[in-house]
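Each of the next two complexes has chain A plus one more chain, namely chain B in the first and chain C in the second.
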Partner chain A sequence: MTGAILFHELTARQRIAALADAGSFTELLPPPERLTSPYLAQLGIPVSFDDGLVIGHARIGGKKIYLAAQVGQFVGGAVGEIHGAKLTGLFKAAARDKVPCVLVIESGGVRLHEGSSGEIAIAETMRAIFECRALKVPTIAVIATDIGAFGGIGILSTCCDFRIMTEHGRLGISGPIVIEKWMGKKAYDSANRALVWKTSGGKTKYLLGDADALVHDTADAVRDGISKFLGKSSAVSLTSVKSRQKELEKRLKKFGATSDPNAVWKSMGVRDIEAASLASGPEFAALAKRGK
Partner chain B sequence: MEKFTKSFPSKPLGAKTAKPWALAGVVGSGNLEVLVERGGKPSDAMECHVETSIPGYKASWLAALADFAHHYPAGGTKVTINDQGAPPVLVNLRLRQAYDHLTKGDK
Partner chain C sequence: MKKPTPKKPSARAVLARLFGASAKDIAIEKSVLTGYAAVDGKKVCVIGTCDGTYIDNGAALHLAAHVIQCIERAPKTPIVMLVDSAGQEPNRVAEMLGLASYFGHLLACLELARRKGHKLITVATGQAVGGAFLCYGMFADRIYALDSASVGLMPIAAMSAVTKIPAAVLEKLSKTMPSLEFGAAPFALLGGVEEVWSASDDLPAKLAAAIAASSTEDNRAELGKKRGGRKLALDIRKKVLAESAR
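Moving on to the complex of A and B:
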């Protein structure tokens, strides 16, 4: 169905169809249920039948999973009350049924029109994710578009066991424009695509260990990436949290004063910056030794 | 926002469709989503519900929907649209995509 179309060019529903085994996806709360945002309607903003999130269950390589994809084109994939409730419910169902949960992310975070509901929903979803992790139920986030994972959804993605990224994907808390507004254009130029991708893009996130896999921008590569993590989980314990904190302190010490993202790549073992910039997915990974 | 409901005469839809409902498009700038479902009434009309963020273009909407109902056997379908400023040509394309998915499936 997708042919040569790149994963980041697909819509949320196309992504789900391309990832799941043929005909295996069953949507929960589908569009005919018309669960739309009451807040957007009050503000005179168009609503969407799925409120920007498609959820359901499916199979990947024969294994049952819960699967969700955010619709980035609808208010930036942002999380409102309905969208958030669907997200929370899906991870709770994953914990209840001990079935892995995969979230294809495309979101700038909380939807400001319904901010409090969105914030609460993200916090509740994080709790559900940790419920899954306590039960060793794999939780996997896929970040493959330039809308990426920012704000509350950026944080939420890092709560999952594993993150799969493509070079198009971006991960962060404050988006580039927000950083520029606060720090000034001299400190961070959000129009400088090379700078933006080398600070928040998939390649850098993979080098730093924030992404667990860097894959090609195709549905097949993303699906293979997901398959590799389906039987695994990463335990949460006081020891693991403390050692992660130490790693982050080291990273801050090492790179805190760096203004050139190439210096970060170099110190992570990338010898030829130009070749690495042009390489993609596993070829990039082969050019660098990864620090985690 | 502008909201309206209207039925357009159309030949009845076939007894069998690939799915009970189909969706095409996304609510984004200059785009729209079209949900087509079986079970609209009566069986010789296409029942339409439109919500659009751009008021003042009802005549164009009615013309685009009437044209579709005239060219496709869509009687007995219920069409619901969430629009964020799509041009008429895109409205027609999404209607056809949703109708195709309903009658023939996603492939």
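Moving on to the complex of A and C:
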């Protein structure tokens, strides 16, 4: 049904419908409950009946999951008090019921119009995510749009067991416009899309190991990616944090003085930059692996 | 009349106030604090930032390494986290190398410490804003702040610059919505800070009591509702838990 439309072009509810087994999604705190932000109302900014986050439970391949999708069109998917509390609640429900939790991210981080409440909600959700992980309940972040995962939500995504990205998705903390303002256009031209995507896009994140899968920009491919991780979890152990420490130290030592993302690609095994730039996500992953 | 902002003491002065003579063993390297000190005669591990520095990939690794060392060499020793950082510096190379993942790694190390029985106590001593507060300080079991600390998402002027909402409007709204106000006291109203400590407090005693009273149960939503600063979060969360249990 949505096969022809790219995943990043779908709305949050369409994404959920396309990922879940047909008819299996039940929304929690759905729009008829009219939970709207008092902050936005006071500021005279339009509100949304779901506060920019769709949550509920569904099945993927017959397996029950908790599923959330952020609405990027509504204040950039940013996290306000209600949005954040829905997110914390969902991960807490996942921990309670030992049901995997999948978050389809599309958020620039904290909703500035609501101040510190959203920031605290992100911190609370991080705690809830790690509660899941301690119980070996899989937590999976999907990052597939140019709004991507930034600010506090970028950090939050790295707390999940697994990150599935598409080449279209971006993951980071500071976005290109903020960095351009800070460092100057010479250091970072936010209009240079190739550079922007090579800095924060799915391909680079996958190469460096921050994304665990790089899939096609279709709902089918994202669902397949999710299915592969549903039975797995990534334990936080002394062994795992020590090996990650070494890996991140190595990365910083190797690339800390590199400003050219092509050099990073090359040293990670990509030989033909041009071809790799044009390749689809999975093709790119194969090219890098084979050193082409 | 506007209350004067309390004067910001130096990093060493803050350490001495919190840990007395035992603060001497805490190393300060590029505004990153690591080491061990004593609270009420008992050993604590200290990690943190000072001078309002930026936390970059290297700083995150430096802090994480000390947490790992503490888990290995000083089992169950409480970890005191001091926060005085302006956040992450917007930097393209840092982003390219995955700064978010470096922060995520620091959080994972702290989570491991918590699971292994280390109490985690944060004291916001200076700037505690944005990503810098999220990447370790706000992950503690219990969070405290000095009244001289600048705690919150961002000051109203910065919020106004980004959202294009006039500062006067935000200023006025912040009187009834503490979430919009910047500072340790409004942040405490939201439940984000357990207690604000003042210059006249006996800080070592406060810290000892904080460690003793610490719990791994996240109580911030409850506090925020009780104190009236964050009225919706707890009820919405409970609603999700109730509806999902049906």
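By definition in this document, the second predicted complex is superposed on the first by the 286 of 292 C-alpha atoms of A that agree within 3 Å, B and C clash if a C-alpha of one lies under 4 Å from a C-alpha of the other, contacts with A are read in each partner's own complex, and residues count from 1 in each chain.
Keep this in mind: a residue touches a chain if its C-beta (ideal position, glycine included) is under 8 Å from a C-beta of that chain, and two chains touch if they have at least 3 such contacts.
Remember, it's a predicted structure, so these values are computed and weren't measured experimentally.
With the C-alpha superposition on chain A as described, chain C and chain B fit side by side in the combined arrangement.
More residues of chain A are in touch with C than with the other of chain B and chain C. Of the two partner chains placed by superposition, A:201 touches none, neither chain B nor chain C.
Contacts of A:17 after superposition on the shared chain: chain B is touched, whereas chain C is not. Of the two partner chains, neither chain B nor chain C is touched by A:281. Once the two complexes are laid over each other on the shared chain, residue contacts for A:159 go to chain C alone; chain B is not touched.
Of the two partner chains, chain C is the only one touched by A:173; chain B is not. Once the two complexes are laid over each other on the shared chain, residue contacts for A:108 go to neither chain B nor chain C. Once the two complexes are overlaid on the shared chain, A:46 sits against chain B while remaining clear of chain C. Within the superposed three-chain model, A:100 lies out of touch with both chain B and chain C [touch as defined at top]. In the superposition on chain A, A:138 makes contact with neither chain B nor chain C.
Overlay on chain A (Cα): least separation between chain B and chain C is 14 Å. In the superposition on the C-alpha atoms of chain A, no part of chain A is touched by chain B in one complex and by chain C in the other. Those residues of chain C whose C-beta lies close enough to touch chain A in the complex are 57-58, 61, 64-65, 68, 71-72, 88-93, 95-105, 107-109, 111-112, 115, 130-131, 133-135, 138-139, 152-154, 159, 162-163, 165, 169, 173-174, 177, 179-182, 186-187, 190-192, 218, 220-221, 224, 230, 232-234, 236-241, 243-245. Taken together, the chain B residues at the contact with chain A in this complex read 1, 20-21, 23, 26-28, 31, 33, 35, 37, 51-53, 80, 82-84, 106-107. Chain contact summary for the complex, chain A toward chain B: residues 1, 11-13, 17, 30-32, 34, 36, 44-49, 71, 73-74. Every residue of chain A that touches chain C in the complex is listed here, in rising order: 28-29, 35, 38-39, 42-43, 55, 57, 66, 81-82, 84-86, 88-90, 92-93, 96-97, 110, 112-124, 126-128, 130, 133-134, 149, 151-152, 154-155, 157-159, 171-174, 176, 178-179, 181-183, 187-188, 198-200, 204-205, 208, 210, 236-238, 240-242, 244-245, 248-249, 251-252, 255-256, 258-259, 261, 264.
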